[in-house]
Amino acid sequence: MKVGRVIGNVVSTIKHDFFEGERLLMVQLVDNGEDYDGYLICTDVVGAGSDETVLILDEGSSARTIYGIESAPIRSVIVGIIDDIHELDT
Amino acid sequence: MKVGRVIGNVVSTIKHDFFEGERLLMVQLVDNGEDYDGYLICTDVVGAGSDETVLILDEGSSARTIYGIESAPIRSVIVGIIDDIHELDT
Amino acid sequence: MKVGRVIGNVVSTIKHDFFEGERLLMVQLVDNGEDYDGYLICTDVVGAGSDETVLILDEGSSARTIYGIESAPIRSVIVGIIDDIHELDT
Amino acid sequence: MKVGRVIGNVVSTIKHDFFEGERLLMVQLVDNGEDYDGYLICTDVVGAGSDETVLILDEGSSARTIYGIESAPIRSVIVGIIDDIHELDT
Amino acid sequence: MKVGRVIGNVVSTIKHDFFEGERLLMVQLVDNGEDYDGYLICTDVVGAGSDETVLILDEGSSARTIYGIESAPIRSVIVGIIDDIHELDT
């Protein structure tokens, strides 16, 4: 799984039926607290807000499982809001 | 999912039967409103036109689900036309 | 899906049974008509020849579907020969 | 599969039910003994500790198999602790 | 599929049961006869030796198919030993 930061949302009128009523969030990928090159458009099952750091699951069959809809055409889902990332003692 | 821009279409006479009658679009990947290195050849279920910004689903089992054909040899599908991407207040 | 160019073939004596009798083609990935960093070893279901531009499907379950063999250990298959890529009017 | 090094853990209060009680470890990807650009957030089934070098499986259906939960929304799992990597005689 | 070169093996005492008795090989990815940035930890079904050039299948469900174990937590498998790569006449 990956860490990201919610930076925007996507407005789409014409889209596959599955996405009706789903928020489509633009999520910047983050490594070591810094943005890096890349993003994912995700749906959200935990109510993530603007600028929040989130846990992203980017895998189709997992995503479908979350929605309980076997035919959901979906791949990237926000599955957690990250409060903190602790560096372990080494 | 990813954001792309439709920049061309692929002409292929000899191809797997599934692709007969399907448009094969060349879609430039886009990040932060700018093109970047990469593209995908996609089929299209929303009627995307030239130069339109689109939502791309790049995952095999999802793609098959969309077509309702379990044996469809397909991975990348345009599933939405993007009107706008709003930056969230932070 | 991706675009590639057939540049070579792989000779392998010791291999998984599935690959017996299958051509294993070295396919250079292509973007915007130019080679770029990367290749895939593909099997071929459309009879692609040397130096031809091809449509590549790189996904396991799709690949198995094409062969109709549920246990085929395969991921990358040439599924079309590309005659031309037209730039759309913008 | 990939090699990584456990460098931190993720604290998340609001998350998908599956992750309740699961440690979410930040794992730096490693190549040739050196860190490189990239990380994965993994769950752990072998009890990996801080700074340990680990074997990572990053694939959804495998990950679900490990947990024996068909609906587990998971992709990246630590499946081994690496004691050493031997260079083979060449 | 990809081409690699066997450069080492991984020693792991604590690991998922599936890997008991399986060799875990460190395989350097190869392009155009030269090493490049990247490796995979693979199991092996063809008896690949040190420094041999191999055909790698990096896909979970294919890998499970090879082992005939539906619950095998595995993704990367060596499926062939490559004798030669011929450049095609162009």
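The first chain written gets the first letter, and so on, giving A, B, C, D and E; residue counts start at 1 in each chain.
As a working rule, contacts are C-beta pairs under 8 Å (C-beta built on N, C-alpha and C of every residue); 3 or more make two chains touch, one makes a residue touch a chain.
The structure presented is a predicted model; accordingly, all values stated were derived computationally and were not measured.
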Q. Can you list every chain that touches chain C and also touches chain E?
A. none
Q) In whole angstrom, how far does the Cα centroid of chain B sit from the Cα centroid of chain D? A) 31
Q. In whole angstrom, what separates the CA-based centres of chain D and chain E?
A. 19
Q. If you look at chain E, which of its residues touch at least two other chains?
A. 60-61
Q. Think of each chain as a node with edges to the chains it touches; is that a line, ring, star, complete or other?
A. ring
Q) How would you write out the ring, from chain D onward through chain E? A) D, E, C, B, A
(Q) Under the definition above, what is the set of chain C residues touching chain E in their complex? (A) 6-16, 19, 24, 26, 37-42, 50-51, 60-61, 64, 70-76
Q.
Using the touch definition from the top, list the residues of chain D that touch chain E in their complex.
A. 1-3, 31-32, 36, 45-47, 55, 57-63, 65-66, 77, 79-90
